[in-house]
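Everything on this sheet refers to the single structure shown next.
Chain nomenclature is as follows: A, B, C and D, assigned in order of appearance, with residue numbering initiated at 1 for each chain independently.
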Amino acid sequence: MIVGLFNYWIVIVLMMAGLYIVMSSGHLVKKIIGLNVFQTSVFIFFISMGAVDGGTAPILKDGFTVFSNPLPHVLILTAIVVGVATTALGLAISVRVFEAYGTVEEDEILAIDRDNREREISVSTVVTESSQNERDQ
Amino acid sequence: MTDILLYASLLVPLAGGLLLLTQKDSANTRDVISIITATILFLIILSFYPTVLAGNSPSITLAEPIQGLGIVFTIEPLGLLFATVASGLWILTTIYAIGYMRGANETNQTRFFLCFAISIAAAIGIAFAGNLLTLFMFYEMLTIATYPLVTHKGNEAARQGGRVYLGILMFTSIGFLLFAILWTYSLTGTVEFKPGGILQGHASPTVALILLTLFAFGTGKAALMPFHRWLPSAMVAPTPVSALLHAVAVVKAGVFTVLKITVYVFGIDFIADTGASTIILWVAAFTLTTASIVALTKDNLKARLAYSTVGQLSYVIVGAMLANAAGIIGGAMQIAMHAMGKITLFFCAGAIYVATKKTEISQLDGLGHRMPFTFAAFFVGSLSIIGLPPMGGAWSKWFLLIGAADAEQWILLGLLLLSSLLNVVYLLSIVGRAFFVPLPANSATALPAGTIQEAPLNCVVPLCLTATGCVVLFLFGDALYNFLQPILPKTEP
Amino acid sequence: MSQIPSQLVEQLPAIQLLLTLLAAPICSMFRNGDLSWRIATVASWASVACAFALLHQVWGGGSISYEMGGWPPPWGIEVVIDELTAIVLLLVTLFGALVMTALRESLSSIMRHQRQSLYYTTFLLCMASLIGITITGDAFNVFVFLEISSLATYTLIARGRDRRALTAAFRYLIMGTIGATFILIAIGFMYMLTGTLNMADLSERLPEHYDNKVLHASFAFFTIGIALKVAMFPLHYWLPNAYTYSPKATTAFLAATATKVSLYVMIRFIFDVYGVEFAFGQMQLGTLLVPLSIAGILVASLTAVFQDDAKRLLAWSSVAQLGYMALGIALLNANGLTSAVTHMFNHAMMKAGLFLALATMIYRTQSSSLASLSGIGRTMPWTTGAFAILGIGLIGVPFTAGFISKWYLVSGALDKDWLPVAVLLIISSLMAIAYIGKMLDVMYFKPAPSEFAEIKEGPKSMLIPCWIFALLTLYFGIDTRLTAGLAGRVASNLLGAS
Amino acid sequence: MLVATVFAIVKLDHLMTAVMLMGFFSLLSSCIFMILDAVDVAFTEAAVGAGASTIFILAALAIVGRKSKKKRREKTILPLIIVTCTGALLLYATLDMPYFGTPDAPVHTHVAPRYLLESGEEVGPPNIVTSVLASYRGYDTFGEAGVVFTAFIGVLLLLGAGTRKSGLEREAPPNVKVESMRQKIVLREVADLLIAPVLVFALYVQWHGDFGPGGGFQAGVIFASAIILYALIYGIVPAQKILPPRKLAYFPGIGLLLYALVGVIAMFKGGNFLAYGALMADPHDGQHYGILAIELGIGITVAAVMINIFFSLSERSL
C-alpha cells in the first residue's frame, strides 16, 4: 500500500505547500508563485494517474504495446497552458496594483484603502477619474 | 359578451389612464377623458347585474403565471357590490378631484389622474379576483399605485407619510398575507375562492386560528390595530386621495379581502365550528372602540375622520368574524354604506379646505351658515356613519347588531353600541360647532353674516350627490339584502 | 423551419458558440472602437437568435447532442442541449446582448477607441466561454471554458476606474483559480474512478463507486470549488468588491451571467453527474446547504440594508439572491428546483437591469454613492422609473418576475413542512423592501446635490435596454411559460433522473 | 527533492530566489513527467513552467521589487488549518485509489484503449497525444487557444504593449539587468549562437508534432523564448524593432481564427465543427492536414501571445 500510494502522498504534500503559500503570503507575486506550485502538483497527480507499469510514451512505434494513458497527458497539456495564462494575467494585475498603490503587499494595500475610505467619508468628495484614465489619454 | 366586458372592466381604467398621458398639455381634454372613462366603467359594471342576479358567476382566466394557478376573474355578488361602489364613486371623485386640484393649484395633475386610474383598475381586479393569488397581485398593485398619490405633495411630510404608508402595507402584505396564502396553498393545493370555503377538512382548529389571524393582520389595508398607523399618516395627501383611500378603493379593498377570505376560503361554518375568529373578533372590537375614542381627541378634521374610518372598518371585520348570516350581510353592507357616508364627509372636508383653507375642527365655528350645502351634506353623512335612519348606514349597523346578538356576544353588542354613541359625539359635535357656535369675532376673513361662500361647484355637486346617495341606500336596503343572499352558504343547497 | 437547410439546423450548437467566439478575435483587430462595437453587437444578437432557435428545438423535452470533431462520445467531446441548457443559453445571450448594446455609450467616456475594441473582445470572450460552459457535455471541457470566462472576468473587473478594482480583481483571480483547480482535482478523481470525462457516461459509471472514498473527496472538492465560483455564502468574499469596482455596465453583465452559469454547472454536476441520491443522500449536501444558504440570505440582506453605495448594496443583494437559488436546490422538491431555475433567469434579468440603470445614472453623476444619487428621480425620471420597476421586482411584488420565483420557493419550503424556513424567507423579503426602499427613497425624495441639479436624462442607447429589462420583468411576472413553465419541466426531469 | 524545493519556497522571503526555485521545481516536475512516460507534458512543462512562467514572474519582479515582507503571525494559522483539512481530505481519498501504475485501473480500461488501439487508423499521427489533443479532443484544444488568447487580450488591456509611444521611441533608461547583460560578452556570444538554432528547433517541433513529442504549444513557447532571449540580451527596444508590438498584436487573433477556420470549413463540407475527416475526400488526408493547420494556428497564437506578454511586462519597467 505504501509503495502503491506513495506517489500520491508526495503530490499531496506538494499541493498543500503550494496552497499554503497562496493563502499565507501577503506578497501578490509570491501568491502567484504559490498558485503555480499548487497547479503543477495537480498536474503531477494527473500524470501519475495515467502511468502504467512497464509502459512507454504513447507514441506508436513497432515493438511497443504497453503505453501510458494519453488522455491525462492531453488534459494536462491544456491545463499547463491555462496555468501560464492565469499567471500572466495575475502578474499583469499585480503590476498595475503596484503602479496604483506603490506596493504589492496585501496588508499595506488594505491599509491604504482604509485610509482612503475614511478620508472619503470625511470630505465626501466625488471620486475623480482614477489614474488609469489619465494613462489612457 | 360578459367575458369581453369583464376584460373591458379591467382595461378601461388603464386605457383611460394611458390616454391621459397623451393629453398632458391640455387640462380640459384630460379631465373630460377622466370623467368619460369613469362613466364607461360604471356602466360596464352595472351591466353585470342582470347576469349575477340570475345566479350566474362568469369567470375568465387571463394567464397562468404559476402552474395550476391562473390569474382568474370571477364575478360574484360581493365583488360586484365592491366594484359598483368603487366605480360609482370614482365618477364622483373624479369630478370632485378636478375641482379640488384646480382650486388648490396642485402640480403634476396628469400623474395624479394616471395613478388614480391605475388604482381603480387594481380595485376592480381585487373585486373580481377569482382566487387568492389574483387578489394578492392586485392588492399589491393597489398599494404601489396609490403610493405616488399619497406622496403627491413631495415635501418632507408627504415623504414621511408615504414611507409609513408603504412600509406598513408592504410589511403586512408580504409578511403575513403572502405567507398565509402560501400556507393555504400548501395545505389545500388550491387558492380558489369557493362558496363554503376550501380549508374545511385541511386545517386543524389551531392552524385555522393562526391562519385567519395572519390573513386579517396581513390585510393591512383593513387597518386593524396595531396596523392602522398608515391611515392617519396618509392624510398628508390631497383630499381626493383621502376619499380614494377611505371610501373608494383602498380600505374597502382591505375589508373586502377579509370578508371574501372569510366567506370563500374559510367558509363561515368552518369558522363558527372551529372558533378561529376569536382573536380577530376581539382585536376588531378593541379597534373600533379605541379608534372612536382617539377620534374624539383629534382636532384636525381629516385626522378625526381617519380614525373614524379605522373604527368603521372594524365593524366590517366584526361582521365577518361573527361568522353568521346577519354578520356577513351587515359587514358587506357596511362596505357600501360606509363608503357612501365617508366619501361625503371627506368631500366636505376638502370643500372646506378649498373654500377657507381651514383644517382644524376648532376653526370651523360658525362656518355652517357660510357653507350651508357642505355642512348639510356633512350632517347627512355623519348620520349615515353613525347608523341612524333614514340613512343607509342604519341597515348595516342593524344587521351587525343582530349578528352579535345571534352569536350571543353580549359584550360585543355593548361595545358596538358604545362606539356608535362615540360616533355621535365626535361627528355631530363638528356639525354642531359649524351651525350653532357663532363665527369668531376676530376672524380676519369675516364677511357679513349670511354670505354664502361655497367651494367650487365641482366640489359641491358631488358631495350633495353622495349625501343623497346615503339616503337612497336606505331605501334600497332590502334590495341589497336580497342581492347579497347568495353568498351565504345557507341558501346553497 | 423547413425552409432552412437542415444542415444549418444540425450545426446550430456549434454556431451558437462560434458566433461570439469568432467575433472576438475579429474585434480585437480593429482599432476603431465603434466598428468593433457594431461587430460585437451584431454577433451577440445573432447569438440570441441562435439561442431561441435551439430553445425552439428542445421545447417540450428532448435534447440535442452534437459531436465536436465528429467523434462519438465518450472519445470525442459532446455538446448537449436540453431545456435547462437552452434557458441558460437564452439568459446569457439575451442579457449579454442587451448589455453589449448599452456598453458603447457607457465606455465612451472612460476609454480610448482602441482600448474599447479590446474591451469588447474581452466581453465577447466572456460571453462565448459562458456559452461554452453551458452547452458542453464533457467535464474537462467545463474546466477549460470556465478558465476562459474567469480570465475574461478578471480583466473586465480590473478595468474599473477605481484602483480598488485591481485588488478586487486580484483577489477574485486567486480565489477563482483555487476554485477552478479544486474543480480540476474533482474531475481528476472522477476520471480516476471511471476512466471517462463525458458527463452522461460518468453518471452511468459513478453509481457503482458510491462507497468509494475517492468519489467522496471528489464531491467535496467540487462543492467547494464551485461554491467559490458561485460566490455562495460564506465563500462570497470576492463578490461585493468585484461588483462594486468593475466598470459601469460590465457589472450588469457579470451579475446577470457569471454566477448564474456557475450555478448551472453546480446543478448539472450534482443532479446529472453525481446523482441526487449520492449528493443528498450519502453526502448530506442538504444539511450543509440549507443552513448556509439561509444564513447567507439573512446576513447578506442585512448587510445590504446598511450599505451607502448603491453598487455595493446591489452586490450584497446578489449574494442574498444566490442564497435563494441555493436554497431552492437544497429543498430538493419540484417547487424548490423550479424556483431555483426560475430565479436564476429572473434574478439575472432584474439584477442586470438594475445595474444597467445604475450605470446610466453613474454615467451622469460619476459616482455610485447614494448621496450623489439623491434626487435623481427628478433629473433622470426614465432611468429611475426603470430602476424602480426592477427594484420592485427584486422585492418580489406581484406582477413582476420576482414574485413568481419567490412563490415557488416558499411553496417548496412549505411542501417540506419547513415552517421556520418559510418564515425566514418572508423576513428576508422584508429586508429586501428595506434596502430597495432605501434607494428609491433617496432617489425620489432627497434633494439633488447642487452639482447634479442640471444633469440630463441618460443616453437613449442605455435607456432603451434598461426599459427592455424592466418590461421583461413585468412580462415574466404574468406570462411564465418560458420561465417557470420550463423550469417546472426541468425540475421534474432532474428529480426524475435520480 | 521536490518537497525540499517547495519548502524552501515557503520559507524564502527573497523573491528572486523563490522564483528561481520555482523554475527549478518546474524543471524537476518535468523530469518526473518524463519518467512517467509523459514526454509531451514534460516538454511543455519545461518550456512553459520552467521557461515562460519564470521569465514572466522575473519581469514582473523587476517592476514590483524583490523583497517579501516578514509575515505576521495571525495570517499563518488559518491557512495552515485549511491546508491541513484539505490535505487530510486528499489523503482520505487516496486510501481507495487504484495503486500507482496498475494497468487495470479504470483509467486504462474505459476510454483510453480506443485511443491507443485505433488512433493510428482513425487519425493517423503516431504520436497518440497529438491525435487526442488535436482531433478527438480538438474542441478542448480550441478552448485552450481561447484561454491563451483571453490572457493576451487581458494583459494587453491592462498593460498595453506598444500602445505607449515610449516603447519604441524612448531611449531605454539604465536598467540593471539589461545593462549588465549587454556588457557580458560571453553571454552575448552564447546567445547569438543559441538564438538561431532555437528558432529552427521551434519550427522542427512545430512540424514534427505528429511523430515525436511536440506540437503547436511547445513550438510556440520555444519560438517565443528565442525572441525573449534576444530581448533580454539586446534590450527590449531592438527586439521591438524587429517585431513591432502593434503588428504582433494581430497574430494571436489570426492564429485563433485559423484554428476556427479549419473547423468551420469542415462544417461547410458537411462534417461537424472540427471534424477534419470531412476536409478532404480521403478522411485520412483530411485529418492529417487539419491537424497540421490547427497546430500552426496554435503555434502562431502561443508564440505571439508569449512575446506580447513579455513585452508588456518588461516595457513597464522601462
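The rule is simple: a residue touches a chain if its C-beta (ideal position, glycine included) is under 8 Å from a C-beta of that chain, and two chains touch if they have at least 3 such contacts.
All values derive from a computational prediction rather than experimental measurement.
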Which interface, named by its two chains, has the most contact pairs? A-D
Closest to the centroid of all CA atoms, by its own CA mean, is chain C
Between the Cα centroids of subunit A and subunit C the separation in whole angstrom comes to 25
Subunit B to subunit C, mean C-alpha position gap in Å, rounds to 44
Centre-of-Cα separation between subunit D and subunit C, whole angstrom: 31
Between subunit B and subunit D, what's the gap in Å when you average each chain's C-alpha atoms? 75
Which subunit A residues touch at least two other chains? 19, 28, 49, 71-72, 75, 78, 82, 85-86, 89, 93-94, 96
Among the residues of subunit B, which ones contact at least 2 other chains? none
Multi-chain touching residues of subunit D, meaning two or more other chains, are 90, 94-95, 97, 105, 107-108, 111-112, 115, 137, 140, 143-144, 147, 150-151, 154, 158
Select the category (line, ring, star, complete, other) that matches the graph of chains linked by touching. other
Touching pairs here come out as A-C, A-D, B-C, C-D
What part of subunit C is in contact with subunit B in the complex they form? 392, 395-399, 403-404, 407-408, 410-411, 414-415, 422-423, 426-427, 429-430, 433, 437, 441, 445, 477-481, 484-485, 488
With touch defined as at the start, can you tell me which subunit D residues reach subunit A in the complex? 2-3, 6-7, 9-10, 15, 18-19, 22, 25-26, 29, 32-33, 36-41, 44-45, 48-49, 52-53, 56-57, 59-61, 63-65, 68-69, 71-72, 75-76, 78-80, 82-84, 86-87, 90-91, 94-95, 97, 99-103, 105, 107-108, 111-112, 115-116, 119-120, 126-129, 131-133, 137, 140-141, 143-144, 147-148, 150-151, 154-155, 158-159, 211-213, 217, 302, 309, 312-313, 316
Within the complex, subunit D is touched by subunit A residues 1, 3-10, 12-21, 23-30, 32-34, 36-37, 40-41, 43-44, 47-53, 55-61, 66-78, 80-89, 91-96, 98-99, 104-105, 107
Residues of subunit B defined as touching subunit C within the complex: 62-67, 71, 136-141, 144, 151, 154, 159, 163, 166-167, 170-171, 174-175, 178-179, 182-183, 185-186
List of subunit A residues in touch with subunit C within their complex: 19, 22, 28, 31, 35, 38-39, 42, 45-46, 49, 71-72, 75, 78-79, 82, 85-86, 89-90, 93-94, 96-97, 100-101, 109, 113, 124, 126-127, 129-133, 136-137
